[in-house]
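Both complexes shown next keep chain A, but they swap its partner, so chain B is in the first and chain C is in the second.
For the complex of A and B:
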């Protein structure tokens, strides 16, 4: 999947805003929005929040976790454990990126928040990388991927699933046994076509 | 990034056709009448028993499955003991591309010619130990374009997909008014140089 697609998914998460305008309910396929009353907090999807913010028609209340103390603690925790810590949001990277992008004035210490989030991201990415190589190298049977967010999982695709698929195929291409049947049937049974390594679709050709 | 045709028997798979073009050394197990012209060094009408010749894999595959074998195939030299030792020593240092374009694919075919069944483990181990190199390469491919030249076709395909995905992710991370970037202190700290700084600048 493209990071842009993941961003699209992440934009559905809810966030509180303080609108600066009055408006009745807005009816959308994904659900109703509003009603909006000026200076009364209201919950909207992230994409609406960024849209309104760009039009300067609302003030965004940053999520609880988007403050320096909490993130520092999270970073420390991430540093201590060898596994992955649970992130406050499944789309923390998308939320952080969009909010820091369009509403740095609504987030206290936006610059610091930005830096800490990047540090956490980098730490987690290097953990992923080392555990992936370990997984393939030592032929472990499973890998614990608790608490990984969708964006991070996507960073090892497609190489990891494709590599594991091919390892599986190499392991399981059968050793042909001495055929007991007649010439013709063994000819038909020969598994020739099943050993074609092919990864991407035919657009390469 | 579809993996749709990976498992289906694909008759027209170009990879497969190219891999099975490879010639396999064989010993003729019984005299084949009227096929003497295959062996250019003899003038006989029949292909004599005991002749050692190379036949393409697609032919050997079909001929060897019968109960009375016509050909006795041998392992190609790159899968033999001496080459396996080299791969065991350090698989990453080997230029697979030069050994064979379709190293893994061909290996999966010819491993059935190996009585002791060592080739099977050898190609799997080779893939395993080269995987780390592959993933590092995909993450910072600018570092050494020469290493890419030493990948087998399968690895090259994996590399290309991984590299494309990596580039997309980097673009996403950097494409915004305010780039989320590491602290100066972190950047200056040598150990963390891995994040793609070249592209940030």
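For the complex of A and C:
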């Protein structure tokens, strides 16, 4: 999946804004927003918040976790444990990127926040890489990825699933199978990673 | 914005077995998003969700009429427009993913559909998709018949005897909506290890093990 599409999925999480305008309800298909009263906090989806912010019609209240103390603690915890820490939000990278891009003035110590989030990300990515190596080496065909966020899962795609596909296939080739499928070969079309060459037993192509 | 009640009722009727009592547009969106992501990651084509797509398209249409009636001075027009654009993106991406799969696996899909009809099950493709698949396979036939004239050793059915199939044993990430017990890791192997998956947990697993669970909505691909 493209990072753009992940952003699309992450954009609907809710965030508090302080509008600088008065407006009755906005009736979106995904639900009603508002009513908006200038300087009274109101909850909107992230994509509405970024749009309004770009038009300079609101101030954004950063999510609870987007502050230096919380993130420092999180970073420390990530460093201490060998597993993955639960992240405050499933789309923390998307949220951080969007908010830090469009509203650095609303987030206290935005630069520092950015650095810590990047540090956490890097730490988690290196853990992911080593667990992927372990998984492939053991050729396990099952792994729990409970505390990984969608963006992190996406970062090992398509290489990890594809590697496992191939391992799985090799394992099944080892055990001789009844030859019912032997004259059927299936080819990988296009860039879709989930499909691939299925080796057939008779090499007639 | 008025909800399109008639359409929502249609959905309820067509899904009697699934106890849809009442469904709001927001819930339909949620459903559409799940359907989209599932379709994106599943190796094979999934049963169609025409009801959901139709409701969304209906909503987009009525929203567009409303947007036209808004004055250009109203800054909320942008917000409405953006939401419509987002929805349209999701629906087109979903439909395109399905068309891509149909183009890749046309022979296999049509065969499976035939089997389903014989067994009296409902088709996976929607009406229009089915028509597209048939047209596509016919043009492929015509094309290969023509091109095979240049290769005297090959007959025109050479290509159709090599059926391209999706690899259902490919690996996918999934998130479970309920607790699942005793799921075999390798469904092709009778004495494979079993795992229990807690509700809400995420795993990477072979698609063939969870194929049914994806189709009945107990797990989502991510």
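Heads up, the rule we're going with is that the second predicted complex is superposed on the first by the 170 of 205 C-alpha atoms of A that agree within 3 Å, B and C clash if a C-alpha of one lies under 4 Å from a C-alpha of the other, contacts with A are read in each partner's own complex, and residues count from 1 in each chain.
Following the convention adopted for this analysis, a residue touches a chain if its C-beta (ideal position, glycine included) is under 8 Å from a C-beta of that chain, and two chains touch if they have at least 3 such contacts.
Note that the structure is predicted; figures quoted are calculated from it, not measured.
In the overlay built on the shared chain, the residue A:150 is in contact with chain C alone; chain B does not reach it. Legend: residue contacts after superposition of the two complexes on their common chain; A:35 is shown touching neither chain B nor chain C. Using the contact criterion defined above for the overlaid structures, shared-chain residue A:100 touches chain B, although it does not reach chain C. Of the two partner chains, neither chain B nor chain C is touched by A:83. When the two complexes are overlaid on their common chain A, residue A:108 makes contact with neither chain B nor chain C. When the two complexes are overlaid on their common chain A, residue A:23 makes contact with chain C while staying clear of chain B.
After overlaying the two complexes on the shared chain, residue contacts for A:161 are found with chain B and with chain C alike.
According to the touch criterion, the shared surface of chain A, contacted by chain B in one complex and chain C in the other, consists of residues 1, 157, 161-162, 165, 169, 183, 186-187, 189-190, 192-196, 198, 205.
For chain A in complex with chain C, the residues that touch the partner chain are 1, 5, 8-9, 21, 23, 26-31, 47-48, 51-52, 55, 57, 141-146, 148, 150, 153, 157, 160-162, 164-165, 168-169, 172, 183-190, 192-196, 198, 205.
Residues 1, 24-26, 29, 33, 37, 40-43, 59-60, 63, 75-76, 78-80, 82-83, 86-87, 89-90, 93, 100, 104-105, 161-167, 169-173, 185-186, 188, 193, 195, 201-207, 222 of chain C touch chain A in their complex.
Touching chain A in their complex are the following residues of chain B: 1-7, 9-11, 13-16, 20, 58, 61-62, 65-67, 102, 104-105, 107-109, 111-112, 117, 120, 123-124, 127-129, 131-132, 134-135, 138-139, 153-154, 157-158, 161-162, 165-166, 168-169, 171-173, 176-178, 180-183, 186, 192, 194-195. Within the complex, the chain A residues that touch chain B are 1-4, 7, 96-97, 100-102, 104, 114-115, 117-119, 121-122, 126, 129, 132-133, 136-137, 139, 154-155, 157-159, 161-163, 165-167, 169-171, 173, 175-176, 178-180, 183, 186-187, 189-190, 192-202, 205.
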